[in-house]
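A quick write-up on the structure given underneath.
All chains are identified by letter, namely A, B, C and D, in their written order; residue positions are counted from 1 within each chain.
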Amino acid sequence: MSPMLHSILAFVQAWWVELLCALLIVLVVPLIAVYIALVERKFMADVQARPDSTRVGPHSLLQQIPDALKLLFKEDLIPANADQFIFWFAPVLSMTAALTSMGAVAFGPWFQVARDINLGLLFAVGVSALRPLGIILGGWASNNHYPIIGALRSTAQLISYETTAGFALVSGFLLAGTLNVRAIVEIQRTDQAWFVFLAPVGFFIYLIASIVETNREPFDLPETKSELVAGSIAEYGGFRWLLYFLAEYANRIVVASVGTTLFLGGWLRPFPNVRWLIWLDAAPTLLLAAVGAYCVFRAGKQPAREQSLFMWAVALACFVVAAIFALAAPFGHLPFELMHNGLYGAFWLLLKVSAYIYIFTWLRFTLPRFRFDQLMRLGWHILIPLALINVVDVGIALALSSEFGLNRWLSMVITTVATLGAAMLLLHWNDKYADAASAGLLADSSVVEGTHAG
Amino acid sequence: MPIGHYLFLSLALFLIGAIGVITRRNVLIVLMSIELILNAVNINLVAFSRYFGDVAGQVFALFIIAAAAAEAAVGLGIIIAFLRNRETVLADEMDLLKW
Amino acid sequence: MTFPGYFLSHLWLIPLFPLISAAAMFFFGRRLSKEAVNLFCVGSVFLSFLHALGAVLKLFALPASQRVYQQILFPWVTPGAMPTATGMVNFVADCGYLLDPLSCVMVIVVTFVGFLIHVYSIGYMAHEGGYYRFFGYLNLFMFSMLTLVLANNLLLLFVGWEGVGLCSYLLIGFYFLKKSAADAGKKAFIVNRIGDAGFLLGLLLVAATFGTVRFTSQGLPDPAAFSGILQTLANMVAQHQVAYGASVFTAIALLLFVGAAGNSAQIPFYVWLPDAMEGPIPVSALIHGATMVVAGVYMVARMSAIYQLAPVAMDVVAVVGAATALFAATLAVVQTDIKKVLAYSTISQLGYMFLALGVGAFAAGVFHLMTHAFFKALLFLGAGSVIHSLSGEQDIRKMGGLRYTIPATSVPFLFATLAIAGVPGLSGFFSKNEILGHIFNRHQMMDRYLVLWVVGIFTAGLTAFYMFRLLFETFYGMSRVSIALEGHIHESPKTMTVPLMILAFFSIVSGWLALPILWGEESPFERFLEPSLRGVEVDTGEIAFGRHTLLAEYSLMAASVALVAVGWWLAYKLYLDSPKLHTKLAESWPRLHNLLIHKYYVDEIYDALFVNRIKDLSTALGFFDSKVVDGLGVDGAGWLVRRFSRISIWWDKWVIDAVVNLLGRFPKFLSMPMRMFQTGVFSTYAVFILIGLAVLLGYYGHHVQIFVRTLH
Amino acid sequence: MLDSVIFYFFAGIAIVSAVLMITRRNAIHSAIFLITTLLATAGIFLQLRAEFLFISQIILFVGGIMVLFIFVIILVRLDVPLPQVRWRTQKWIALLVTLAVGMEAGVVLWFARKIPGQGLIFPNPAPADKLHPNTEELARSLFGSYLLPFEIASVLLLVAMVGAVVMAKKRIDA
């Protein structure tokens, strides 16, 4: 027993930083997810020109906490004919997959769990390949037609679009020449260019694919509330549903941060090499200070005393953290350095990630939903070929610039134009054969659904 | 730790898979058992490649994974076709191929 | 020898372009759109025109003495040692190309006129079926013709020769659903083959005599290594092995002339050319006007070295040419089908050329060939444009006054007519006068040539007459177009009229190459051609006269111009001034008129003499085949076989099969126990596999031990 | 030490869930236990410092093949437990033979271990921090010395794909 214990101790003291990061992630991600949901609610309210809840906390900032508590204390129902074991297993699997894949994401130069595993981003992508399992098992276990159909749909679309996203990422990997997250970001610093400018098509494809992978509108076919009630998680409620919910948001964060790391320069601030933009490094501090000031300014105007107190508290917290940042900057030595880098990195990364997720939300409330066969055709007839062509073209561009000494930007522009031409061609053909294709795909999807609905 | 452990592990997995192949009637489970066997082989390969410091073993493990994927796709295709024509997936009812 | 440069060293590309596009047409032309076909075919011809132009200009750049470029791609026919008049020689007919002044002229004419006609065909064939087929044939023809023109030996020339024959057949019968067209095609093909038999014999005789079929060995890296006809001939003459007028030369020359006559529609083979008008107009223009039919002239000019040594053959050529010229001209007078008129005029002009060759004026013949190519192509294309705008009407009695409705066609046509009629200043005038002048020269030596001269100049007059007749009937005077057509007479599209104008330009100016004759110098064209027509110096025993004086020259011109004027005046009187007159004339001499209308009954005579006899023979043979061969031989054999097979059936059934079955049953019986293992259930097989594995492991276990122990 | 702990942990999971896999009646359960086996194997790969293989095991086996299996199971309604009677005899034979094989192989390995002197003679694995980055290594030899097999494998996959489509496609006429 003692050697066991000893080894575990050794493990802990060898890996305490990673453990800390993991702990932090596990603790913080649900919070972030919950507040993303809040932002979505607000956004939805704005889009639909109606007020959102304003009671709990200023601007109902605390609204999500009671919601979460409610979900936690709800009665835990399992349908009579459901498969108990899998019904329990599926959400856990989803959550595990989501959090594990979070491990590869680097929120800053030092802030990464799976640091010296030389898979880097591939780890995040690969582990998130477990997601369809969670969904399909959950759908199957609840032993009900709608969830099964939703599960089948989501599995189909997840598998197809993981391929697409994979190819899109490959174009980025080609540019980076490595899988290691920190290396990728460093290369974007030394190259003076985020890869989104070098491989715009790849980024675009990845954007779409990531939306589909996270089942967001307009691609939320697995859980179309209007057709399949809630799709694969229709039978879930309470805590298990919360798990699914968190897993979904965690996934969103993962895909967003993968995209950010590879295409949007990770935790780098904009123009990291421009001297006179150095003041951007102070942005988080200033921002926090500004938020604190705003809170102080608003504190007086709060209707109830608790609220104003809360505002004061928030302001205080902001000021303290800002002070820490400000102090952290001058001190050279390690712990501060760590915190400094980590926090700045985290700040910029999270800024970009939230912008990314904001785009998700935006699309969600802007576009109508796709039909399943349209989705599949988009994937298989346009995006996957386009992604392949894109990979080839990026390779060609790299060869041009490395072998033939052509200017990097020029070659990139050339190949990008070529890729866009290919895209035009694909679209043209697709329109040409759209009827036949949709007929065939409709037949297939009717096979999928006919086995159960029929 | 000696490599023997890995070999024993893969042996065990292989035998379990073999038993599955032989005793189960549900063809799908038989297919899964075959996957298991392939997996056991993979363990062997990777272990050897680690202990000889030669990456070739992992390369072949990759090939085996590819073969497994192909086998799964074709096998499932066959099963679906079979089901469509004979309404059964029981191994012992697939006995047309005899004298 | 300096580096020839791209165009010369890529001479072989010139025939290749049309071949490629022809192949493309035949393989997947059906799937191509018309635009693609145009791009392929016309583009390819244009490319070869450019290359030809480049090559010719390159050749011009060289000094006159070395204006020969020859290129041997690979030895083609190598039968090995062969007994010839010059002893055993290693006969080689190589696949090679020769560019000397003569082939320069030809290649330029062929590619340029060919290109224009291709462009024209875009417009003309636009509404026809089998578009890609037509262009494919046309390109194949271009390939064959260019091979013929550029070939550096007689055998390769013969290949091109047969190729153009084939293409002419295919294109005459292009509307193969029309019986007359198919028949015309067959007629042309057969008549040509008769001629080609002569050509082939001549070719073999050449090979047997000189031991080579290569024209010349000039322009090759080391001329000594490659023997050419010219050089061999020179040697033979120098060593007095053969004399001037040796019978072998006569034989060769006559045989080759037979081929030439067949190809160039001379008496007695001319009958196919008028019928060949069944083909589409561009075909008539390209093949039966400008290029293919002059291949005979080209070939004779090419072999001029031999002809110069065979006076008898020369006279034959001259006489036949003159006869054909007159004969065809007389026929052209009464024809009422616009294309037929042009066909006969072509024949008579070809006769002219042969007349020139026959009197030894090779350069003049080639010169007339070139000018004729331009204006005859123009005439045909113009006629085609007329037919196109009259939507298929070909009878000139149903035309008239068209110059108001289709000016863009009529103006070039007018120029072409002037040119061919030999109106001063235009090309025809110069070339004809060259010929006539040379004949006149010869007449100074021997009086019998006076006849030829008279015939020639009279034919010139006739030509003027019937050409003006055609012109007046078609474009001038009252419109006799049927009411149905009157409404929609329409000018042809640009693709058809623009080539007309270009050709008109050239049919005016191409004669000016001989302009210096007017002030008594020899024409630069002849000076350019001279190296390749020089032949071999030999004592002919004739007194060489210098060129006649300038005064004589002018008087000759005056004479021909006077005759032309007479022809014009007659045509004007008969067809424009008082249109009734010519019908009256015809009625007043019904015999003559009928004779001419029925083309001297030549076709009927040929039918009576040859065609029907052959038919009788074949019917007899058919009877023999069906009754004797089939009846007795085949059916009898079948009957016997049936009888015998009865027996063998019985044997097979009751003896052989019995043994076989027995042999089959035996192993089946033996294999009973083995079959028990084949349950067909795969898991059973898996069990067997495992059992095998167990056995193997049990047996080889210790080996595995050793293996494991000595792994590193 | 830590290595061996990880190894035993994963190995235990692998074997237990493998046994469960072949004993479950319900195909879906078997699939899930197979998945756990595969994940455990992936863990062992990771412990063997074969990161790329680890990830591809997860992506391909778990994320691809097993999803396909479950997909098919659900599609063709094989998630109902099938009767597991008949041919006990073969089952017993099978178990017997399998055990025999296992015994033999075990004996071989065991005695190979028990050679007087030392255990299985193997070069000890290079320490983990001395290894080259695994992915690059793999890529180098995959596209270097094993390029042809790689291409062949890709062709194999293509053929399999086409075959699967052809076989599983619903005949329109039928």
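In this text, a residue touches a chain if its C-beta (ideal position, glycine included) is under 8 Å from a C-beta of that chain, and two chains touch if they have at least 3 such contacts.
Not measured: the values here are computed from a predicted model.
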item: Touching both chain A and chain D (chains); value: none
item: Between chain D and chain C, distance of the C-alpha-averaged centres to the nearest whole Å; value: 75
item: Separation of mean Cα positions, chain C and chain B [Å, integer]; value: 73
item: Separation of chain A from chain B, taking each centre as the mean of its C-alpha atoms, in whole Å; value: 35
item: In chain B, residues with contacts to at least two other chains; value: 18, 22-23, 92
item: Chain C residues counted as touching two or more neighbouring chains; value: 683, 686-687, 690
item: Sequence positions of chain A contacting 2 or more other chains; value: none
item: Each pair of chains that touches, named by its two labels; value: A-D, B-C, B-D, C-D
item: Interfacial residue positions of chain C with respect to chain D in the complex; value: 683-684, 686-687, 690-691, 693-694, 697-698, 701, 704-705, 708-712
item: Residues of chain D touching chain B in the complex; value: 3-4, 7, 11, 14-15, 18-19, 21-22, 27, 30-31, 34, 37-38, 41, 44-45, 48-50, 52-53, 56-57, 60-61, 64-65, 68-69, 72-73, 75-76, 78, 82-84, 86-87, 90-91, 94-95, 98-99, 101-102, 105-106, 109, 112-113, 119-120, 122-126, 134, 137-138, 140-142, 145-146, 149-150, 153-154, 156-157, 159-161, 163-168
item: Interfacial residue positions of chain A with respect to chain D in the complex; value: 3-4, 6-8, 10-11, 83, 85-86, 89, 117-119, 122-123, 125-127, 129-130, 132-133, 136-137, 140, 148, 151-152, 155, 159, 162, 179, 443-444, 447-448, 451
item: Chain B to chain C touching residues, read off their complex; value: 18, 21-23, 30, 91-92, 94-99
item: Chain A contact footprint on chain D (complex, rising order); value: 1-2, 5, 26, 28-29, 32, 35, 46, 51-52, 54-56, 58-59, 62-64, 66-67, 70-71, 74-77, 79, 133-136, 170, 172
